[in-house]
Every structure is written in structure tokens, then in C-alpha cells.
Amino acid sequence: MKIAVINPNTTSSMTATIADAARRVANDTTTIEAITSSMGPVSIEGYYDEALALPGLLLEIARAERNGAVAAVIACFDDTGLDAARALADIPVLGICEAALSAASFIAQRITVVTTMERSRLPLEHLVHRYGMAGRVKVRAADIPVLSLDDPQSNARDRLRNEIATALREDKTEAIVLGCAGMADLTLDLRREFGVPVIDGVAAAVKQAESLVALGLSTAKRGAYAAPVHKPYIGALEAFAPATIGVA
Amino acid sequence: MKIAVINPNTTSSMTATIADAARRVANDTTTIEAITSSMGPVSIEGYYDEALALPGLLLEIARAERNGAVAAVIACFDDTGLDAARALADIPVLGICEAALSAASFIAQRITVVTTMERSRLPLEHLVHRYGMAGRVKVRAADIPVLSLDDPQSNARDRLRNEIATALREDKTEAIVLGCAGMADLTLDLRREFGVPVIDGVAAAVKQAESLVALGLSTAKRGAYAAPVHKPYIGALEAFAPATIGVA
Amino acid sequence: MKIAVINPNTTSSMTATIADAARRVANDTTTIEAITSSMGPVSIEGYYDEALALPGLLLEIARAERNGAVAAVIACFDDTGLDAARALADIPVLGICEAALSAASFIAQRITVVTTMERSRLPLEHLVHRYGMAGRVKVRAADIPVLSLDDPQSNARDRLRNEIATALREDKTEAIVLGCAGMADLTLDLRREFGVPVIDGVAAAVKQAESLVALGLSTAKRGAYAAPVHKPYIGALEAFAPATIGVA
Amino acid sequence: MKIAVINPNTTSSMTATIADAARRVANDTTTIEAITSSMGPVSIEGYYDEALALPGLLLEIARAERNGAVAAVIACFDDTGLDAARALADIPVLGICEAALSAASFIAQRITVVTTMERSRLPLEHLVHRYGMAGRVKVRAADIPVLSLDDPQSNARDRLRNEIATALREDKTEAIVLGCAGMADLTLDLRREFGVPVIDGVAAAVKQAESLVALGLSTAKRGAYAAPVHKPYIGALEAFAPATIGVA
Amino acid sequence: MKIAVINPNTTSSMTATIADAARRVANDTTTIEAITSSMGPVSIEGYYDEALALPGLLLEIARAERNGAVAAVIACFDDTGLDAARALADIPVLGICEAALSAASFIAQRITVVTTMERSRLPLEHLVHRYGMAGRVKVRAADIPVLSLDDPQSNARDRLRNEIATALREDKTEAIVLGCAGMADLTLDLRREFGVPVIDGVAAAVKQAESLVALGLSTAKRGAYAAPVHKPYIGALEAFAPATIGVA
Amino acid sequence: MKIAVINPNTTSSMTATIADAARRVANDTTTIEAITSSMGPVSIEGYYDEALALPGLLLEIARAERNGAVAAVIACFDDTGLDAARALADIPVLGICEAALSAASFIAQRITVVTTMERSRLPLEHLVHRYGMAGRVKVRAADIPVLSLDDPQSNARDRLRNEIATALREDKTEAIVLGCAGMADLTLDLRREFGVPVIDGVAAAVKQAESLVALGLSTAKRGAYAAPVHKPYIGALEAFAPATIGVA
């Protein structure tokens, strides 16, 4: 069972962190194929980066399906391109925000997401709302650039810890969700440090992907996620025309 | 990895159906322990039956945890006693309604639950609301007694099929959730018949339980699910006092 | 006109407090029958206690109806077992949380509930939500065990006063609802002390019960509250089978 | 205990219907003072009539309080002027829509309001929403002028009956609320005819008023319902200046 | 193109402020007719003043339409009488609260309204809710009487500035809406001072009115805003009968 | 005053229809610059097309701002890329769905959007929800491909008319919003035919853009719409790096 875990930004060190988190929890019979997008922003911070991450992401979704992946995970906490990927692919596609919130919903009533930049807070609140968790999830930003999480000089991880401590004190929260794929390697340490459930979306999405496959379930194709209509695509994006990218 | 799947009604033929559905999707390394409640109603149809199913259910939750289960599934679509079970146990506890809706949420935007009796429709709508899916899930009742599902003389399964057909035609629904544990054995047939995703909560909950265990997650204990306070229980329910039933 | 006021925990001193609050406001023509549950927890603090209070409560609901009560009040602020009691009985059944919130809704736009333990806060928020008051009611916990309210050594009543003072200062609240039946005797003192409406649910529910009887209204029986279906109940709970407990 | 029941339209035959409904359920110790507004529309059908009913209504609220009423009921199902009346008066003021919906909420989960004119449907839906019952109440209009209810030549009462029959069949509703004060005399007949709870707001509001008085509760005055600020009123409405109309 | 901008209170100095704000943004081809109500309160502070402002306002709405205005603006932030005015008139009628919130919705995700008196806060929250912005708008009151805004002796404008500064610091708000027509002259100064979008509803409503006229749109008349039914109006309000005030 | 109206699909005949609709309502002092995207799908039907329309759209947004446009309109009813465009540009950016719904909100309480393909219905329902109009707007699909609107052989316009007729009959709707930019030329005919307000989003957005400019308002830049962070963009999308595309 091959699951494609796609990092929709173009920074391969972050893909390595994501791959580790995915492999740590995958079943023995699961192969994790970790993929870095070949075009677009080096990190996704806000709406503009998100928009330009889409072509690279969708290309990898199509390629992964063609190459035999039975499910795909989009490893960016904004769930960038999730709807488009579900329309494009026949295999199930998981977002790490929705997977993390879903896992949290089974073990806690009040949950806090701690993300990186303030500008990502409102987009995540929209996701929380769409996933039906508006009454029970609070989103906090530690005000740290995404790539600083990997920079040993930065104080990013300290600021993240501080924000979690504040959440536990002020939100009466019961569980913490890490709001960025680049935080995945911190999960176990933070659980130990704070003594509460700490949830990483990459791991949650991999388990959810395995579950859907075991259940024999894939994306419903009779409504919002119907396969793209065949039509010409013009100019620099010609290769993305449904027939060209591989829609049957 | 032992997962307890508890049928909170007292009808063991229904436990057999549930056990089959659980085992069909469980990992090779998972042992399914299927348990029938030792006291209470023979089927759960409405609020009163639900209330009287609780003592038997909670007894089995405590026993299962004591006996080494790493997770428990409550195999009644009303998610009977789920909050109490989470407060009682340290291991994760899953409801089949919430697990089914969660699985459906990853593959469809519009979902219809088809349940048995009209009197269960509103309680299920309350669950749908609480699980944050009120805008995307419709609940329908096929108007069939729970135990008639197993009765070859009854037309229960035909009525269920009719209700699904109506849902597909009128709700523009994209996926069907089976709203009773006793329907679990119909899942594959109904998928074949209707050509849309059909989701059984027993199977979904077993996979969710395996996932939470693999992720190292269990119920948060600092808020609504804090362990029961030690105190006397009086009269016929003395044995349920937290210290007696086994709360540390 | 006999109204049964049932304390679903097994502590009779608390029943006495409840009976006093009920009698203080009842019409001259009303007889208050105050009843202590014969089995279950000595106080209800969280989901587990709530679940085990149900059999004792439902037994008394059935008995009260048989003995000629024209309405019943469940005197626990969690509205424990309210739905099951309504399905079981033909007479109207009131919860003290819903009755208190309803009374408050006629005299104030912003309301604060002050309850006992933190673990009861989220269950009460779910009730507030279900009763349609999520936008206008805040729930606070004074962090005091239920039975400490009656203990002259404890500082429970001071902590309650402090929480009310905080609510008035920070929530811009207009009225206070006492979130535990055991606080009923404090109502008048707190009104005098704080100069705002302070509402006790026991009194509110008794008046609501009298009103429904005077209006000739009882629980609707054609939907969610349809009478329990006749069926066997097994094992230790055999006596709760609908036919045995007295469902016609 | 004198309760003022104010008909905010200027048709005294409708006041008589209202007075009957009020007296039928009032306690022996309650005096119902039924009052017809002295100025404004002869019936309230839509937003414009509602606006022009306010001065006459508020005048009677002030007068009733001055004359010793301990509570007031506004007997129009649009709850016309309820907020302004609560700000003006120190005694509790009840609307018949909110009182009817509150009574219904204790006995049924799904409720249908049947009102007169289509143009009143949306204003009532706004009330239903504000009172927190949007998920459980449907509003239907029988498309009949308000005053036709009293006209033996019209088929208004037949159309009302038809709309109730439709509601029971199509809404799976459990209880009916009569959406106009002018329907109050039909309550008992409709209950008998349809065999479900039928609720008239005038009666419900009178009982709610008695209850609030018995509970010692009146409108909270520290927030939205603070007493009007003293200030000049100009021109034809000079007499409504707070000091002149009687605000202390 | 003549647009009537109606100040529903009776203070003409405030009308002058409003007229200036309206003319500053109007198209060259637009004539602003600024009108002071001839009867009612000198300022609108809470529900009671609002109710008594209606007759004067509706008279001016009818007169403005008769005199050739192609649209009308109600220049009070409570959107006093907006529904009744829309039912009465054929021309479009705009409220300044809804127009300001609409303008803000196109340029910001999180918005804070700063109004005058605490007693206006909850009525404005109800408007925010009705206009669908409950999740993204916070209402704050600077605790200043409306007419103090024009009083050079008062510290009203300093308190307003303080409240805006607090909103920017604590709400993470992105834009400020001025919650009183009497603040309109401060808009440009506050923008300069705080460096964020500051929105005045009078100006916003005038532009919205011009837009609707250019789009050829007027109030829909087949539902909630159907023209008032012809009928007698009694007593002091006789002149407001639909036929008399000018409903065709 | 130059307003850029950008057709995010690559079909220039549709741009012509859009330009006509924009110019018909623009002020005399406004210049409409109608722009066809240079890359991507020939029509936008569902999530996949939407995602691939983003690069071409954002390129034109940046170019239009550089070329002196004072506002931009995205002329696709899915409001494709609206958030990213607002983050990218300093000038105000309008979506035609939000502009149409906003215009409708000032003249009607119940509104129906009639769009083209069924697969666009759910994405539009998400927009309706996000814009706070979920309670008052229904979305219907006429089941017609976008480009068929321009095809004289197709029966697309008849199906559109049929769907509007159904909406008026069944939804008790008060106003119609045309749910596709390609329907803009039908607005006046449909108003005449059905006698209710019919709203085209292109025209509505142009007027809204003019209004924001006249009000001196532009996108708030301190929260969700903060300018993109400078960073490298990799591979085929290098030219979209914030510094390259022109972010200051």
C-alpha cells in the first residue's frame, strides 16, 4: 500500500521532516512516498503562497495516482488545494488540518491549534469553521516564519512552547494541534513536556489514509468532487488540461 | 493490539454481525473482542432504551480496559454513553456514529444517514449537530424496528434500500452512512447496488481506534473527560462507585 | 395538583434544600412531593455520575406518574435523563437548567450560569447550545465540589460569590443563573447582595410545571418522545422493561 | 395580582378574544386587565403596521405599570415593541411569540408555527432565530388576513386547519403554535381535532407572567434594558419623553 | 438623482454633520437632501428612543419618495425602522449600519464597531448577527452619550479614540466601523491617526444608494417587504394609514 | 478612474459579455479595462478549473495595479482567487458573487442564486455561508455548461429561465442572482420577464468598486490580507515570487 505524502512547498528539508513523521506511524505494509513540489513558494504563508502552490501540488497528485499510490496526503496545514485534488484524483486525498482536527475530536472537547504566522490564523479559522469545529477549536499564532522552525539560531521553537503554555492556561484547552507540517518532529517532545495530547496532522492524515483504503472508501464522484470536465487549457498551463494531466 | 467492540444492547446475534464487520477491516495485528452487554434492552430504539443501556455498557468498558483492551468501540449508532465511557476509561473510546460521519467527511460534502426508526431521527440529528456536520448531513428513517433487520420474514431490508434510493434522488447526496450497527453486513452489497460510497460505523470506528492507538493518543483528562470523582454509590448501583468499578 | 420534584442523586439533605426552594414559590393549590433517588451517586459531577443516576431517576419518574403527580421536575442542573423521562412519562417533565434559562430569557439578554465543578462546564455549554442560548449565555465554574455547598467548614459559598462578582464585572452579564440545585437556598441572599436577577432552576421549573398543567399541555408523543417500545430487558435491569415499569 | 394584557392593535373585538384566552388559564388570584391600544392600525400585518403600533402600545405599558399591574403581556404574535417595553417598564413584559415557543420547547422537539399572512412569515422567522429555536421551528402562513379570523363569512378557519394538517403531514412536527393572538379561541378545538399539543401564546404568556412574579423576577436593568435616558422629545411625540411618560 | 438622507432624531446640528459626510462622497450628479425628523427623541440611545423615532422617520420616508427622491438613507446606526421603511417605500432604503458593515466586508476579515453607549451594544450585536457578520465583527461601546460627540467640553472624542486603540490592540481587528452617525466628521482624522480603514456608515450608505439606483434595483415587493395593506389607522396616528400617507 | 475587470478564464467572447455589463452601469468618469486571462481553462466549472485559473488571474491583478487601475473585479461567480488577490494588491478587489449577494441583501430577505453546473452548487453554498447569507440564500443549478450560454444552438437559456421560474414558485424567493458572469447580458430581459429584481454580479461589483474608491477605502493590510512575504519561488512559477511580480 503506497501513500503519497506531498509537501506542496518546494523546500526539501521540510519534506524530510514530514516523511519522518509519516513513517513513524505508518503500518508495516504501508510505503510512504514523500514528494516535494517542483514549482512554487519555498514556504506557504498566507493566501498568495497558497494559490501559487496549487499547480505544483496538483501535478504531483496526478503523478502519484498514475504511479500507483492508493491515497495521497497534502502536507500543509492550510489544506491547500484539497478540494481541487479530490476532484482531480480517484484515490482518497487527505488534508493534514482536517485529519488532525478529526483525530482531536475523538479525544477532547476543547482544542487549540498553534500555528506559525498571524496571517495564517484567519485562513485556519475558516477551515475550522468549514470542518464544523468552530465552537470547540481556538487558533493561535506563535508569530514565527515557517522556515525558522528548522533554523537552530531562531527562537521559533521557544515561541511555540510559550504559545502552547498560554493556550493551556487561558483556553482551558484539553489538547493541542500543531498547526504546521514543519512542527511534526516536535510532537513527542511536546507531549512529554506538557502532559496533554499533542497532535501532528501529518501522522493523523497517514493513519486516516490507511483507514479509508482498508474501508474500501474513496472520494464520492457524483457531486462537488466530480471529475474535471474535458476542455482546453491555454498558454503556460496547457499541460494541466484534464485530458493531458490524465483525467480519464 | 486488542480492541473491545461492545454491543450495548443484549442481543448476541447482533453482536455477531458487529464482530464480523469489525474483523473484516481490522489490521492483522488487531484482535477484536466482541462483547454483548449483560443487562438492559434487547435493542436500542429511542431515549429510554438508550438510558437503560448505560450501566451494562459502562461495566463492559471498565472490564475491557482492565482486561488489556487498548481501545473500545461502542457499537450503537446513537453513540450511547460515549461521554461517560470517555470519562471512565483511560483508553480511547469511539462511537460508531461519530466515526462514520468522520470517515464520510473525508470523501463527500453531502451525506445522508439512513437509520431504522423515526424516533431515532431527532436524537441522531442532535449528534450530527454536535459533531459539527449539521450543514452537510441529512438523517432519514426507514421506519423499521432494529431487530427486524435480522428477520428474513420482514421487508426491513427492502425499506432500507428504498430509503437509500430516495436519498440519492432527492438529497443530491454523495455518500450514504448506515445508521444502525445491525446494518453492517449490508455495506458491500449496497455499495455495489447503488454505486456510491456506503459507510458502516462499526468498521469506521475500528479503523479510527487502531489509528489513535498508533498515533499514541488517548482521551484528554484535564477537562470534560476528567476521571470520575471517588464517592459512594448507593443501593442497587453500589458496584458502579468509581473505586469499585476500577477508577484509580 | 401534585408535582414530583426528584433529586436524581442519593443525598437527602440536598433533597431538603430542593424541597424548600420548590415550596417557597409553588401555588397554594400545589403539593410538592420531594423525592430522593434510591440508587446511584451521592452527587452528580460529570458524565459518569450522570449516566449512573439515570436508572434511579427513571424509576421515580414512573412511580410519581403512577402515584398521581401531574408533572415532574428533575432537580439536577445537568438536566440528567430529561429526554428519557419525557419518552417514559405522559405527564410533562421539566429540567431545572432549561427552566432557569427560559425564565432568564424573558428578563435579560446576557446571562451567566455559575456552576460547581469545571468538569460540568462543558456539559452545561452543550445544554446551553441545545436550548438555543449559545449566543447569550456564558458558563462559569466556581471550582467547588457539589456537596461542599452544604459544608459550613468549606469556603464553597465564598468562591461562588467571587465567581458571580467576576461575571458581573467581566461578562457585562445582566442576570445570574445558579448552576446547581444545591445552591437554591442562596437565591434571595445573592439577589440582595448583587442587586441583579439571580435565578434558581428548581423554583423556575416548579412554576413552569404549574404553567404547563394549567395550559393543559403535556409532552408530544408523535416524534422523539414516543412511548418506549415494549420489549424484554435483560439481567439486572429486567424491572425496567417498558411493560414492567408501567408503560401502557 | 393584576396582569395587563395589551392588544397593540385597535380592534376591540380582538381584545375580547384575547381577554377570554387569558382569563381561561389565569390563577384565581390573578386579575387580567385587557387593554386595546388607543391609536394605530386595526390589525398588525407586516413591518409597517408593527412600527405604527408602537406608540399606542408603549403608552399602555406605562399606564399599566402606573396603575399597579405587576406584569404586562403584549398580545401580538410579532412581539411588537417587546424590547422597548422592557426598557420602559420595571415590571416584567412578555411577548406571546416567545412565551408560546418557550412553552412548546418543554414538550416537543419539532414545532410548527401557523400564522396568518405570508408577509408575517419572515418577521416570525427572525423572531424564531433570535429566540434560539431556528433549528426546531418551522413557520407557515395560511394566507389569511388577521381580521378575517373573526369573520364568519370567510374561510379563514378552514385554511388554518388545512395548513395545520399539512404541517403534521410534511414537517413531522410534534406540536403546533398558533401564530396570531386572534386564533386564541380555537386552541381547544384544534387540540381535539388534531390530537397534538396546540399552543396559544396569550395563555402561555399569562402563565409565564404569573411565574416570573411568583419567582420575584423582573427585567434586568443593567444592560440592554436600562431605563430610557431623560431627554426632550419633540413635536407630536412630546408626551413620550421619558420624564413625561413616567420614567423615574 | 436626489437621495434623501434622513436623521431620525430631532437634533438638526447632527443632521448637518450627516449632510456633510453624505455630500463629501456623493457623485457630482447626486443631490443630497438632508432631513431632520420633526418629532421624537433628540438622540437615539437604546430601544425606547428607537421605537419613538419611527413615526417621524416613516413620515419623512413617504414625503421623500413623493418629492422625487430615488433612494433614502436612514442615518442612525441602529438601522431604526429599516424594515418598515422598505415595506412603505418603492425606492431603495439603506441603513447606515448595514451599509458600513457591507463596505467593511469587502476590505477586511475582522472588523470592530465602536459605538456610543453600552445600552446600544446589544442591539448592534443583534444587527451584526442578522447581517450575517456575527463571526467577524465585534461591537464595543465607548460609553459616551450621543450628543456629547458635538460638545467641545466633553471628553467623548478622546474616549472614542481610546476605544479604537484598545480594539486594534486586543481584537486583532483589521478595520474600524464608526457606530454612530454623529461620528461621521471624524472619519478622515481617525484614518490618519490609526493607519487602518475607518468606515462611516453615512458615506457608505450614500454610495450604496447610488449604486442600487445605477443598477436599476429597488426593494423586492413580493415577500417581507410587500406594500402595507390598506386599512384604517385610529386615533392620534390616523394620518399614518397606508392610503393617507400615500401607499398606492 | 480605471477599474480592471478580469475574466479569469481564457475565453475572450465571455470577456466581451462581461465588459458590456460593466460599462452599462459604470459612472461616466470610470474607464472599464476588460482583461482575459492569458493562461488556464477556457471556462471554470468546479474546483479543479478554479485552481488552475489562479496564476493567470493573479498575474493580471498585479499588472492592472501596476498600470494604474484603482480597483479590480474578478469576473467569475466562484470568486476564484479573491483572498490571494486581496493579499497581493493594494487596490480594492471585488468578487462578483459577494458583490451580487451584497446588493441583493439591501433589497430582499430571501434570495435565490441560479448557477450553471451542479458541481458548482456546493462551492457556491460555501461562499454563501462565508458571506453570512446561509439563512437567506438558496443556490440552484440549471445544469448547463458555462460556454453553452453563448451557443445559440443550445437550450441553455431556456433551462435557466425554467430554473428561475421554479425558484420563484418553490423558494418563495424575492430576488434572483445570476450565478455566472456569462449570464450578465440576460439581466434586463429576465427582470422584464419575471417582474422581480434580477442581479448580475459583474455590474454589482463595478458599482461596489467605484464606491470603495470614492470612500477612500482599500484592503486592510494588518491581518489576513497582509502583503505576501518576500521569498524565492521555484521552477516554472519563479516569475510569481512576490518581489518579481511586483510586491513592494
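Note that the chains are named A, B, C, D, E and F in the order they appear, and that numbering of residues resets to 1 at the start of each chain.
In this section, a residue touches a chain if its C-beta (ideal position, glycine included) is under 8 Å from a C-beta of that chain, and two chains touch if they have at least 3 such contacts.
All values derive from a computational prediction rather than experimental measurement.
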item	value
Chains in simultaneous contact with chain B and chain D	C, F
For chain C, the least number of touch steps when starting out from chain A	1
Interface numbering overlap (same over half, different under half) for chain E and chain F	same
Most distant chain from chain A, judged by the mean position of its C-alpha atoms	D
Angle, in degrees to the nearest 5, of the Cα rotation that carries chain B onto chain E	180
Chain A and chain F: spacing of chain centres that average the CA atoms, whole Å	29
Separation of chain A from chain E, taking each centre as the mean of its C-alpha atoms, in whole Å	44
Multi-partner residues of chain D (at least 2 other chains)	86, 109-110, 118, 121-122, 134-135, 172, 223-225
Touching chain combinations (by label order)	A-B, A-C, A-E, A-F, B-C, B-D, B-F, C-D, C-E, D-E, D-F, E-F
Parts of chain A lying in touch with chain F, wherever the complex brings them together	10, 38-43, 45-52, 54-56, 58, 81, 83-84, 86-88, 118-119, 121-123, 126, 130, 145, 223-226, 228-229, 231-237, 240-242
For the chain B and chain A complex, residues of the former touching the latter	25, 27, 86, 92, 94, 98-99, 102-103, 105-110, 131-135, 172-175, 188, 191, 196-197, 199, 203-204, 207-208, 210-212, 214-220, 222-225
Chain F-facing residues of chain B, complex	109-110, 135, 172
Touching residues (chain side chain B, partner chain D) in the complex	118, 121-122, 129, 134
